[in-house]
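Next up is a structure, given as structure tokens.
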Amino acid sequence: MKTFTLLLSCIDRPGIVATVSSFIHQAGLNILESNQFGDPKTGRFFMRVALTTADASVEVNQGDLKEKFKSISDSFEMDWQIFDMSVNTPAIIMLSKFDHCLVDLLYRCRTGTLKMDIAAVISNHDTSRELVARENIPFHHIPVTPDTKQAAEAQIKQIITDTGAELVILARYMQILSAEMTDSYPGQIINIHHSFLPSFKGAEPYSQAYHRGVKMIGATAHYVTPNLDEGPIIAQQVVPVRHDMSVENMIGAGQENEQSVMARAVRAHTEHRILLNEGKTVVFD
Amino acid sequence: MKTFTLLLSCIDRPGIVATVSSFIHQAGLNILESNQFGDPKTGRFFMRVALTTADASVEVNQGDLKEKFKSISDSFEMDWQIFDMSVNTPAIIMLSKFDHCLVDLLYRCRTGTLKMDIAAVISNHDTSRELVARENIPFHHIPVTPDTKQAAEAQIKQIITDTGAELVILARYMQILSAEMTDSYPGQIINIHHSFLPSFKGAEPYSQAYHRGVKMIGATAHYVTPNLDEGPIIAQQVVPVRHDMSVENMIGAGQENEQSVMARAVRAHTEHRILLNEGKTVVFD
Amino acid sequence: MKTFTLLLSCIDRPGIVATVSSFIHQAGLNILESNQFGDPKTGRFFMRVALTTADASVEVNQGDLKEKFKSISDSFEMDWQIFDMSVNTPAIIMLSKFDHCLVDLLYRCRTGTLKMDIAAVISNHDTSRELVARENIPFHHIPVTPDTKQAAEAQIKQIITDTGAELVILARYMQILSAEMTDSYPGQIINIHHSFLPSFKGAEPYSQAYHRGVKMIGATAHYVTPNLDEGPIIAQQVVPVRHDMSVENMIGAGQENEQSVMARAVRAHTEHRILLNEGKTVVFD
Amino acid sequence: MKTFTLLLSCIDRPGIVATVSSFIHQAGLNILESNQFGDPKTGRFFMRVALTTADASVEVNQGDLKEKFKSISDSFEMDWQIFDMSVNTPAIIMLSKFDHCLVDLLYRCRTGTLKMDIAAVISNHDTSRELVARENIPFHHIPVTPDTKQAAEAQIKQIITDTGAELVILARYMQILSAEMTDSYPGQIINIHHSFLPSFKGAEPYSQAYHRGVKMIGATAHYVTPNLDEGPIIAQQVVPVRHDMSVENMIGAGQENEQSVMARAVRAHTEHRILLNEGKTVVFD
């Protein structure tokens, strides 16, 4: 049986749920999971519904569903999407030297625990080439200097276009993307920043944390926007640290945390559980 | 504006959500929060909807709502309740000597963070009398010996009846209630057991944990059934322990954890977020 | 049997532990617990040793111990203290309107889970008077306006002097102390800030957290210095938040977290487990 | 500079720390880290000291140190060991079909975050052969049936002997080792059991957890003894679960938790931080 996910947002007003759930029932679909949220601050309503065919013999396709849903979405002026859940999200992973997040994503994709296909891996270093080759995934070494940055980003964009990637994961990619680049993919680039944002933005957050003497270090997964480390936050996690830990100890202790928060964010994104809400996220998990 | 909560369960079949949400829309109500779950194992469907009047000028009362909902609930053979959220749940707290859970509940009720009114406190010891008197809550000292147990339970039942209590919280009450007693209040008695159930049932769980050498101790809030410490679990939490902690240290470390898990369970119960599902709970939080 | 705690720091060099432990052995004392830390960054060595009389018939007093230890401490140029652990730390609690931290401290002191005696409670509001009176603890209502601030601080200092308080706990006290005041009590004033510092310093951190859209909120216990919310951090904790939580929900969810982090910090301080290390803390727990 | 770790236990009596620390000082060594614990229940004293040469020009070797320490250890009747911390622990990993723990250990060894060399991987299935081959580590497929069990264990023992392995990690190895086997390697076989022991011993703990309706699932790392899942516990961790999670969801959610608890246990073991204490562990972390 096929499974679909309907994701929508619109201005909040009475009757949305009644209308949507009647549509679902009439379309011969069953609700597997349903989440909704009305934000009193922004006045917007957000909804996610996971659907399956009520009767195994009935054939439902994504195109028909979209066609039928159009009159509803028009009357409520909805932003909406319907996803066929049997289709994995094609994604590109970008990293610099630290490869623990890459290793983790490769393993989770190989074992099918993330609904994602890695279309390519891009790095400004050549160190992960062999690791990626083993998995038969294309690896692109694209060095970045101030002079070559524009060309490098053009090359990255070309790879995104060529592979049809719908998600870019900055899995400890240490270069800052241009505003032109980040504006091209709103809500489609996830970055893992190795601090509990908004603390310790920018470079070397573990070193910043060490010098401030905090007792917990964090990691944050967020969508990338032109403002560095200020994009909508998807997930955050922390681990305790002690006075006897060096910066290197913190880096080590933080790696598992970064992997974990990244996996949670990627899972939520690829299961279509996230909606943007004016600089914040609605995460239906 | 009034707020209501509709809580229901029934055999899962197509059209439930569509029917219920159409009813809500036609009743002039808005959905504040909605949760649902279809259990593929038991074949039952569970739903909770928080509702408010869409238009402040419209007067809606609980009786009318129930009357109108009856035809729907009959056709789906639902177990259901509608609660007026402006009404606090009347509750009775029972304890023995340890009073940290009582203190916590008294404070949370006084400051209005729990939607509960404490109608009476019952203890088999007299030690908490003054503490309870300060809050102008009736205190009943009902000692229990094997010989007096039946009479004591009769007395407790009388207090439940007299106060109209709809919830009994065993906040470290160290007597075992008879099956006759627990069967009289299914899903209405919450016990805090100071272990991570099903580990360490029965007496002195911290001592059991100490001797086993576990590295975390837990606390469990569950509904009481005739089988000791085997009722449906509502919430669980753990705290780490170290090799250098004595049983007394563990008792101390566990108190905050017990308070916390109890508060979560009582909040979920009094906000009508819990449904029973064959020995397990569905908790919409 | 008596228990003592020796707390020391000095420039790190070979032989410190050997010298100190020989002293302890010769003084007829047993080591119950020992912690040490050499900071490669600052070059300082930190040590805490909990001691008890090896032989119950031997009488050891704090004065004698200090006298004997003097030659060692002189030769290593140690900062050091010896505490008699049967003596509770006299403390003053300061708060504004939110009283959940006060309630928690009163309970923990009443039940003896903190080695602290509350000598007085000071508030710039009169709302907690009755709560404090019940415990037979002096309550001082000292309102603060820009004009009266200096006089108010003089009055607070007088109370500290009169009661012999060795610790001041700002348990959600919403006034900023002057540099003159904080400099007078280095390492003796603990503040509970309701954010995960260094994020969201200053006023209304939960509101700041709400607007940034973080997925966890925190609380930080730190020693107060003239730089607002920048003093040495003692303990930090976080709790998860969701997109559907309002600022008020966050305030509610954070209260238990604030109590918990405060209790941990106060326990560590009153058990003499904390040493200052250039803007950071060494916490031997 | 060289680093050593001294690990000892003996009957508790006055003077141990003074004697040991004087020895260390006279041997020209500095203390990097020191932990101790006297168990009032068993009357035993446990100590771990990390040591480094005080003067870079001084050559100290493990053999000399051991020789010198012998008179002290004899007089206190100590169980003791001195480890050269530049030497990694040689280990064997055993698994069945689930390979997430293996993948995690391979990565941590490759990146040097665990002080361990994987000498061989043994499985009763052939599925991980390629994964292990990539890392140039010998892989042994040793199927086990009731008839071949004795022979299989003989073969495993031979591999342990041949490789000089000092640690065996059962990284989701689903066969039960014989008492004869486990008795041969006391404190040297670490098992990862996918439950919060003592709950849900034996087969299919996630399924057991699902049916009981717990709200958290756990994982436990422990030393293997002849009594199944009853050996001394090293580390435990939990993750929350919800009513809408199937057994399969729990298996997925638990994997990261199993990896994490295993890594903590292996780190503690290979950094020589664990001592056995009558069915329990002392873990100096």
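Letters A, B, C and D name the chains as they come in the text, with residue numbers starting at 1 for each one.
The rule is short, and it goes like this: a contact is a pair of C-beta atoms (placed from the backbone, for glycine too) under 8 Å apart; a residue touches a chain by one contact, two chains touch by 3 or more.
The shown structure was predicted, so the numbers you read here are calculated from the model rather than taken from an experiment.
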item: Chain pair, A-D or B-D, that carries the greater number of C-beta contacts; value: B-D
item: Centre-of-Cα separation between chain D and chain A, whole angstrom; value: 36
item: Centre distance in Å when chain B and chain D are each reduced to the mean of their C-alpha atoms; value: 41
item: Junction residues of chain D - those touching two or more other chains; value: 33, 244
item: Graph class of chain-chain contacts, one of line, ring, star, complete, other; value: complete
item: Complex contact set, residues of chain B against chain D; value: 37, 39-40, 196-200, 212-216, 218, 232-238, 242-244, 246, 277, 279-283
item: Chain D to chain C touching residues, read off their complex; value: 14-15, 17-18, 21-22, 24-25, 30-34, 36, 38, 54
item: Residues on chain D engaged by chain A in the complex (per definition of touch); value: 33, 100, 103, 107, 111, 113, 134, 244, 252, 255-256, 260, 263
